[in-house]
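Two complexes follow with chain A in common, the first pairing it with chain B and the second with chain C.
Up next, the complex of A and B:
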């Protein structure tokens, strides 16, 4: 038990935390674009799955990892367009369409995976992203080892957190996007096209969440497994709430979830005498507890409110 | 040449004609008042001018030039600004953020908040408006939020300002300040459309008055020549008459309907009602006066069973109802007209007929076993619509579609349907136009004649003086006096409202014999 606290065991745990946090980061940061504009990001799960699949297939046939990431982003965006159209323009219930999108992604990916690769004992695989230490930064004691000896996608995640924070708090366009989430009726009276803004924000969510999926198949594993998003999209949905709709807050939440994942894996490796299914349960249990304690503080006031021209405010 | 001219403006929603061939003119530097009851089509007309509704027909001429305004951005471009009845502000944004939102040509893509705040503060100074630009809107009182709305409109260079019922949310002092601003804007050559249903305000601020009734223009008059009776006739289609409470004979036999003893009610923050005692008799209206937040709301909700009674007793015809469920209380013939008709009084998404039977839905004649007898419900709803003159296309329409006055009539119709023995009415005429107020008053008086006991809570002293048999004044959760309205002045009641106790409360109504 004592050896748990030495640097030699702690370092891999913390490195794994960062690694495990990355898919949550993409998903949660992506989701924030929807949520800030007032559209629920409950569709993330499906976007992750389709991204993971599109990324994997592309790399499998082209051996080009960057092309894979691009394909994943595009796939996520296409799927989110369906969601955005139904929710933003038709006023369908987000939870309903979000679930439909997830089921659709599950069906599409399983079907095409089997029709392309067949059913075999051996998983087809690709060479995943390698770890690339960042020059200089990786030399910082402790911090460098933990944060800057990771793969390229992890770094992209850091950048997205900063860019997203900057976008929403420092730019005029970001302010306008937030207005759509706070009070779409007020935004309308100022002549801003509410539905267009909301639609585009959801597309951005799709784009970034697609990369989250790519991370799962192209960085975390190097292969595709059916339903490999394993509810990470729903966890990200919870993380956004936990982080009070702020990109930085969400990133901290992602680290927490990354830690839960890493801890769970390490406990198994350390040979604790607990059934592993129990450990697998931890992240989900965690999600539930988070939803329970965090409430929905700081939620944009017009979140989930359907906007239609000429609609009276009730 | 007019600043604004509207010709033949028509807008229909389904079968409802909200605006029927309306024409108006607005001079430069003029305040034109648009007067009309709720549902007369004032707001629809204004939303049309601002591009939030597209009219079915009609044209707009701005300074001699024909324009087509289909979206708010067209209106803003042509120098039309609107201050909405429900503020169009973003509560979580700062004042400055609300002002510059969407004006990228002014701010640039990168927001330099410091410079923006300075510029906005400088802009405010021109209008002697003293609110820091970096304050969050949600932290401002309502009066100031409205000023921010006006500033927002001016900041966008509006020459024509439309103010939709701007005084509805203001205190008398704030209203005076608003009038001051309006006169100032007028002196700068801006033209203003001022919408209201209050005759006295309209007379105080406007040069001309356009009266709308049932979606049509029923008259345009110069304010200097306007007389109130004529205006009221144009607005509601008949003379306005204030209801007088009918005289009651000395040998009327009265029962104690409601007897409240040592009642204590707590709210989240404090003890709201601090051990009060009073009695209401049959055939009596007991008015409750007091500044908002002195325990009146808790008292009403305590009696209706909506909030927990800490201690003390509430006896209805001698039976304890404190601590009983709302359902039990309502079944013992207590009716309640709540303060907020939209949030508490109605289920806005339900149809009129469903709203009519709320809380009676599970007993005959509306329920047959576990089923609701839709036919009976519809018949009942149609009866309510007819009896209470609710303006609605049909009983299947949702309550949300009704205007404020008609929503209130719907609640009154429901609450009075069971011939209550006790009616608790919390600000039943708040925000209603003259016609509807008069109607609600007559309903309350009718209950009094029928023998009910009425607890009428209101912030309009005039209303209490006119209707009550006795007035009870509350301050800080205590009763500071119970008086006969004929024997006090408004000033004396004002003093009691401020906390000055008046000895020897009158414990029984003037006329009648106590059983």
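Up next, the complex of A and C:
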């Protein structure tokens, strides 16, 4: 274990932690927008997949990475609109529609991928986002090396965490959005359009989760493969609960998941013979323990409750 | 409002059924993709217009676009069907029950031969085969042999062994890394073949093995490769389905550090000619085509194990013309090839 604790092995491990936490960060931060407004974010997995696909195809044909991110965000938003309409306006069960959205995303992406690129063992690829050190910040000892020598999307992730925290804790609009989650009926009596708020919040989730997908195909790698979201959306769903519905808590949860992923790979690379399944299990075990100890604490009171004007269900 | 709600829900469900036709449930990340042409029925669909009385089908345990096992199996079966002018169908299954349903369906429809491209399909074949004596069931791997169940064994580990021989001669750090997707027999045997090729050639070279736990997470493949490179592995080999794309990209990014790679399943040397030395390709095509031909001619002998190896095109090594290997490495390669000819190398692939 001794050679694990040198800076030479620790630094790459921590850098990889940040890189591998990034897709979770976008997904979880995105999910918080709908969760805070009282709509479950179980559809994340599908949004990631469609984002990864839209981002990759756009960059493949235009060679413009930023355009790819934009397309991914848009695709995520479009897909989340279906989910939002079904859940917010029609009162369908979120778990059901979330699964349907996942199936739909899996079907659409695989179908169009096969029709555009065919079936082959040779995959098309693009040049992904490269690391860009942040001036000044990257010079800070330790911290700079770990956090500020990454790619642009990672930095966007940091910004989103801060912005989301600020939005929900410090702005009136953020407070109103939270009211939709805590007690939509009280919000309604104040004359706030509950469904509209919820709908828009879910769209924001789609937008940010789409970027998470773009991270997978445009930054973490330079290709799209079928089902490449690999359950990251479901992990993000768990991370939101682990982080007690707070952006900062969720970010810490993402770092934990990222660390577990990176640690698993680094441990194996160092030649330790620990079954990889054990490391894969750890963050989920931790989530279960947290839930066991504190319940799904901090969940908005009106979470998952359908709102129809005039109907008092609470 | 209520009526409108039902209509919309119905429409969405109908849309889902159409788009995800042939995908019973996308729960497993490696299985259940919709087939090329969407169809409302869950049954396999023909790809080409039927033009002869022969019908060939393939049964695959995952997506035909997994960049490894299923893609090669699908391609091989499709080409075998073409070679005898047969109608071709395929099904991607996610469970034993799927397999039994699909096999029964193919049997009912009078298929000539069904290529069941997984070791796991042999039990399903055994249950179904007796009802359809006119259909030949060919399993990729397996030990059950009857009048119409025939296993094929492709020794892809021979090709990866040869790559290991080259790697042992080319590493300067005396440390090479191998990356697998999951601990499945088809994956582990290629990794073990490579590792044994390395250690048989130069016992002082250390082989570090990493499993990703996924075959679809390309980013994780890339990170696994970077971790190995950081730990001074200067040669990497990956057999990790689609996730291997990430490994290949990481190797190519690190070529300035003197890192080299060996590809698997596809001609990675063509994609990254500056960083990849050679590829191993496991071919089911020659043996599938040969079988289809024999079945049509009536000379096929079922119920015995068929082998495909490095001598009859079952496992092949492709070199990179842009990266000639040293005479020393070539000599070691030729020596190992001779040893395969005389059967003096036994690759320990573990349980299969």
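Here, the second predicted complex is superposed on the first by the 290 of 314 C-alpha atoms of A that agree within 3 Å, B and C clash if a C-alpha of one lies under 4 Å from a C-alpha of the other, contacts with A are read in each partner's own complex, and residues count from 1 in each chain.
We take it that a residue touches a chain if its C-beta (ideal position, glycine included) is under 8 Å from a C-beta of that chain, and two chains touch if they have at least 3 such contacts.
What you are looking at is a predicted structure, and each value in this text was computed from that prediction instead of being measured.
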First (chain B), second (chain C), both or neither touched by A:115: second
Per-residue touch tally on chain A - higher for chain B or for chain C: C
Partner chain(s) touched by A:304 [first = chain B, second = chain C, both, neither]: neither
Touched partner set for A:191, first chain B, second chain C, both or neither: first
Partner chain(s) touched by A:179 [first = chain B, second = chain C, both, neither]: first
Those residues of chain A which chain B touches in one complex and chain C touches in the other: none
Complex contacts: residues of chain A adjacent to chain B: 170-173, 175-176, 178-179, 182-183, 185-192, 300-301, 309-310, 312-314
Chain B to chain A touching residues, read off their complex: 47, 50, 52-53, 71-74, 76, 82, 84, 86, 88-93, 97, 100-102, 104, 107-111, 342, 348, 400
Touching residues (chain side chain A, partner chain C) in the complex: 9, 12-13, 16, 19-20, 23, 82, 86, 90-92, 100, 102-104, 106-108, 110-111, 113-115, 119-123, 125, 128, 216-217, 220-223, 225-228, 230-231, 261-262, 264-266, 268-271, 276-277, 280
Chain C residues within the chain A interface of the complex: 5, 8-9, 12-13, 15-16, 19-20, 23, 25-26, 29-30, 32-34, 36, 38, 63-68, 71-72, 74-75, 177, 206, 208-214, 216-224, 226-228, 230-231, 233, 242-243, 245-246, 249, 265-267, 270-271
